[in-house]
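There are two complexes below, and they share chain A, which is joined by chain B in the first and by chain C in the second.
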Partner chain A sequence: MNIWKAFLFGTAVALLPATASFAAKTDLVLGIVLEPPHLDPTAGAAAAIDEIVYANIFEGLTRIGPKGDVLPALAESWTKSEDGKVYTFKLHKGVKFHDGTTFDADDVKFSLDRARGDTSTNAQKGLFAAIDTVESVDPLTVKVALKQPSGDFLYNMAWGDAVIVAPESADTNKDKPIGTGPFKLENWAKGSQIVIAKNPDYWGTPATLEKATFRIIPDPAAATAALLAGDVQAFPVFPSYETIAQFQADPRFKVVIGTTEGETVMGMNNKKPPFDNVKVRQAIAHAIDRKTVIDGTMFGFGTPIGSFFPPHHPAYLDLTAEAAYDPELAKKLLAEAGYADGFKTTLKLPPPTYARRGGEIIAAQLREIGIEAEIIPVEWAQWLDQVFKNKNYEMTIVSHTEPNDLNIFARDDYYFNYDSAPFKELIKQIDATSDGPKRIELYQQAQKLLAADEPAAFLFQLPKTGIWDAKIEGLWENGPIQANDLTAVKWAD
Partner chain B sequence: MLSYASKRVVIGILTLLAASIIVFAVLEVVPGDPARLMLGMNATEDAVRALQDQMGFNQPLILRYFSWLGDLLTGDFGKSYTYSVPVIDLIKERIAVSLPLALISLALSTIIAIPIGIFAASRRGSTADTTAMGIAQVGVAIPNFWFALLLVYIFAVVLRLLPAGGFAGWENGFWPSIKSLILPSVALALPQASILARVTRSSLLDVLGEDYIRTARAKGLSRRKVLYHHALRNALIPVLTILGMQFSFLLAGTIIVENVFYLPGLGRLVFQAITQRDLIVVEGVVMILVATVIAVNVLVDLSYAIVDPRLWSRK
Partner chain C sequence: MSRKFESLIGNRSFLIGTIITLIVALMAGLSFLWTPYSVSALDIVAKLKPPSISHWLGTDHFGRDILSMIMVGSRASIFVAFVSVAIGAGIGVPLGLWAAARGGIVDEMLMRFNDLIFAFPALLSAVMITAIFGPGAVNAIIAIGIFNIPVFARVARGAALALWVREFVLAARAIGKGEGRITLDHILPNLANILIIQGTIQFSLGILAEAGLSYVGLGAQPPMPSWGRMLFEAQTMISLAPHMALFPGLAIMVTVLGLNLLGDGLRDFLDPKLRYMR
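== the complex of A and B ==
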């Protein structure tokens, strides 16, 4: 009897993989490093929120595609007035929110007015600053009037922070997100995993996956083990750079290194001496060997940058030569600035590895030209308070992961304390110019200006290190926006 | 008899009250604004202010302490700033992982350690004793996160017998959940068992050197009888103390192992809440932990009295 049982069990186990491979799988377990604090993209800056909900649960009027281009989403088309100040959006018909309520022009008006209102807690409230009025013309037409023409308007409306929510569910979206997307939230076991399931009533092309699970794995070693053991089948942003080579050698996995919008920079307090002297900033830029920094902190993954612009953008200029590693030149520049013997300063480092490890390497390189940088590790909350808000710092390292954020160098009172009238003028012109060669020309001028002024030492572009099962198709290669768009993901037969 | 027990309980309650003041005060002076942290680097000033108002940060400190304490007494732990769900629900979900994990590890370490400790003490100086204590020494020295990684590599990556981490959730069945707790509890139990075995051995040896043991032997009792009837009971008090401390540690101090196995336990909840400045969650969890530690200590104190009845009559 026992032998018989064992035989049956053995056969069943032997058959299991074979039968499972007959039909293509329709579920997927993805690993993510950080758990989102909540699931409302209109009320928080955490990238982890968009990594779950963007394009999957919530949709906006427009959206960002895998290549970083602006695509139609809930708006099927739009027209722009002659003066560029009025956009008229034509909305899709038959769209329903996950709770069954109908989506129409009133929801668009509600969402945009809510995001820019006095009590708004939208983390990117600035995206909506150009909007003057929002008018629902009829259930499927919305007219948005701008205060002045804005070349970025359609792009801004594609951010996760600009998704359309319903008045009935807006206040409870943090815990029970109700959007219009191809997936809806099934279950969130806090600290453990978030499960989304296919929305059978989706208005557009339905998803192929029936179910997707985002499992939260903060520890890099645990992430490696989870992939190897098959517990998770995809890690869109894999955190353990040191083990990537192991996966590259394993035919079961596909390793895809793409780019992101994350410019990693060593910010300097431009109002605080000696950093108010452009020669000191240039000296520091020339004292840093970017390749060593990338090898030492990122195991070689990451693209060196010489200005503040993503290398995958059509307007990108490679300006790394402007700040090439040259300690002799750096010393000369320091001497010209009156600091032949160097000086003492501080370097405040937030928790991510790129900052902590990178900071140590850069401090060693600065010592070569006589600059003694004392390393001060800080937590995120302290960083935001001391460095970002109160500008109580001299140097710091951080990655600016928001897309399209060249304009931070034109902001008054931003933590760099950089104040350049020509740069502000350029940003103003860019904002007022729609796409085209003129805009590219302006973007390139702005990059050159920053490379010459060095308000921060530009280090490298963060990579998107994706690892997934070789049979999975449709995951994004690059990260033009922080998202895990699962609408086109499927298992190969 | 009553005075011993009631004294322990009253001391426990006073400690809890003192802890509440300290916890609240310390977290008030921690730098960092939760509202700014949530809205990030691109937030406008008025959006940050709107969120601060929404979270009720603009009331006087004393007022907030008493309303927090009052709510605690009625079982209301407040609402998490980041998750915006009641703190008590978060804690319940996490205890459903941390408590079984702590209990399994404690059971495992007790089952392994006490027999080894007794065995080693009864054969003091023998090869068996030296070997057992040598292994225990290694067990104390091995960091549990390293041992955890080793277990994951063998049982999850190579043999694929157990999951590499994560927690299945009790709603998905008893066995899958227990399966996800096996490796973490082994990783936690090993160092605990090593400590416990050493304490059991040395405490037993101390007792075996006492005069009354010699008397018992002299009146003709067998070694075995003396060991189990006279020595063991008296040697248990230090062992119980260590057990109590280990339980408290296992409930909250397991954050590293929870990270290696990405288990949604209490330790990770506190850690995450601290980095996100979700102070109300930190306060709630710390109070629960303080209460647990105090309760365990009271229980341990009371159990001393069971082991050693003389304590009942002591004032």
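== the complex of A and C ==
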């Protein structure tokens, strides 16, 4: 009897700390697919950089919230001049960088001037194009004068590429990121994981998590296994669509299918025959059955699009009917373009599942109307070099995950090689318009123009397939910007 | 002759190996004329169906019939393995014979060059070659073929060296035959057995290598079905549709097993000395 009592008591004691540590859990392991090349968001286009540092390590004057709205960050408030050309930002007091140096207006001036300077290596220099001068009025006030009014200015300042860095650490941020955020970099084991820890001296609401680990898991099968085994407790962008149903049926996990800014398109080289013929491009758009592509590639997760605009945006127009699946019409258009017997072409596919699987399905659908597309799988480095930089391609599939990126079709040297004066004019007008209804009207015109011109075949909006432990709260449901904002994340008791 | 033939039939590994190899070859041949379903038409609605009457081995993630895919996929395997063995034997055997006939510096240089190729792990080097020249069935053939060269060169040289000191070669020399003549008339015919055996082994290794390259995405490209890529695609679906991995895996295993049994049986038959040594 005594032995039993002792045993039960022992068990109870052994269980106590276990339950206690459960309630107080303050660390989190997240899975990510791609390892960032470095950790300086002001010097690289890779989404993987922002997925670690945005809102966690680095902050800008403004920031994007979970719903895609512009919120104050390092600037606690701002005023706009009558003519819309001068913004005056009031900065937060008592903000310190992770290395102990003080944040003030000079850092803002330094960061913005550095980003738009001639020697800047910023991947999104266009964000700063509207800025004329940056002036530090006093340590807590910055005045930014624009060349012309810009409707996107506050939004642009919220991008990861526009974060504020310190002159002392700007050059070493790639390996030792020094920001003002609620987390600091603790350790980066290349090829394996990145650990960030809570910044005890944070100026704003401190994070609940003490530590967060980003574990790099490129293989979809391994991602499934890691989640099931509990090695990672959250996969904000889960790469294995086929196993999502399995997690949906499992009460231990929460599956959240949200929206992203990722328009997945099959880009065509608009200067290379036969893709210089709009009828050929329209024929291809009509030859693709988007529902089948989504079902076969994404296991049904994804929203078909008919133009280059995210369906959750207030200015979105559903133009999928413009490119409805109609092989007969596609054949007719091809014949009108002079390719009644079809033609041979190539389709270069980068590594993500949506491209590799989607490409196989689309190639099969194009075969139905006589187009033989040879599939050429390429790695990301090759894709960037051959397709994106040198435009040495005919067709390719990629998801454009930047927010507000309709203007890429107005860029002269972009990989689509699309050159449309009316579209460029529209984008110019949109840039200069900050008024709501007028802007929406212009956005819709631009969408219609793209849907008619089909510079690329618009396929579907990439979903944000988040899977995490059911006890985790505060992770973003949607992906209005490339980020894994951990500031509000905590374990439920 | 009939006794020989009987002993051949009586050799169980030869018999089983031949039957399996024939079935695979027939399946590949039949796939040119007929498959249960088309492998290029996708039917997403029917994806991931388990084996049934209409789809004996089930369907894959694009709704394609796995039996048809395996039938057509055998072409890629056999084609790649066959041509790479032909390349290896076609270049390796003459090199080996030349080295054996000449000896001295020629022998030394050829064999050291062979050692150089041999020193690299074959599959790793094949990955390197396809990574440089781009993925695809042709590059896979070249990659695997190159690494078959030293294998055949060594076997040919080793066996030829042993023949060069035999009496009948001495006799041929005595009547004034040149090195080339002797090699063609006396050495090569006596090497045929051992080369056929080596060819069978390399053939099965070629099938494995092709599957390996396709698995990492460097072999035959879609829409051409290939066993290795079928396995790769099955990987993430293993909990949903285990049949997608099971059947191509079995196809690779059974084919390689069949070829190995055939090679074993042939060796017993063609090289009686080895049989008695066992």
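Keep this in mind: the second predicted complex is superposed on the first by the 471 of 493 C-alpha atoms of A that agree within 3 Å, B and C clash if a C-alpha of one lies under 4 Å from a C-alpha of the other, contacts with A are read in each partner's own complex, and residues count from 1 in each chain.
Throughout what follows, a residue touches a chain if its C-beta (ideal position, glycine included) is under 8 Å from a C-beta of that chain, and two chains touch if they have at least 3 such contacts.
Keep in mind that what you see is a predicted model, and the values were worked out from it rather than measured.
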Practice problem: Could you look at A:Phe388 and tell me whether it touches chain B, chain C, both or neither (first, second, both, neither)? | Solution: first
Self-check item: chain B versus chain C as contact partner of A:Glu402, first or second or both or neither
Solution: first
Quiz item: Which holds for A:Thr205: it touches chain B only (first), chain C only (second), both, or neither?
Solution: neither
Exercise. Pick one for A:Ala221: touches chain B only (first), chain C only (second), both, or neither.
Key: both
Self-check item: Footprint overlap on chain A, comparing chain B with chain C
Solution: 221
Practice problem: Over in the complex, which chain C residues touch chain A? Could you list them? | Solution: 40-42, 44-45, 47, 61-63, 134-135, 217, 221-223, 235-240
Practice problem: Going by the contact rule at the top, pick out the chain A residues touching chain B in the complex. | Solution: 35, 37-38, 44-46, 118-126, 174-175, 189-193, 215-219, 221-222, 225-226, 228-231, 351, 379-382, 384-386, 388-389, 400, 402, 405
Quiz item: Hey, which residues of chain B end up touching chain A in the complex?
Solution: 30-34, 36-44, 46-47, 50-51, 54, 82-85, 90, 93-94, 149, 152-153, 156-157, 160, 163-167, 169, 259-265, 268-269, 272, 275-278
Exercise. Report the residues of chain A in contact with chain C in the complex, numbered from low to high.
Key: 220-221, 224, 240, 242-243, 245-246, 292, 295-296, 357, 360-361, 363-364, 367, 374-377
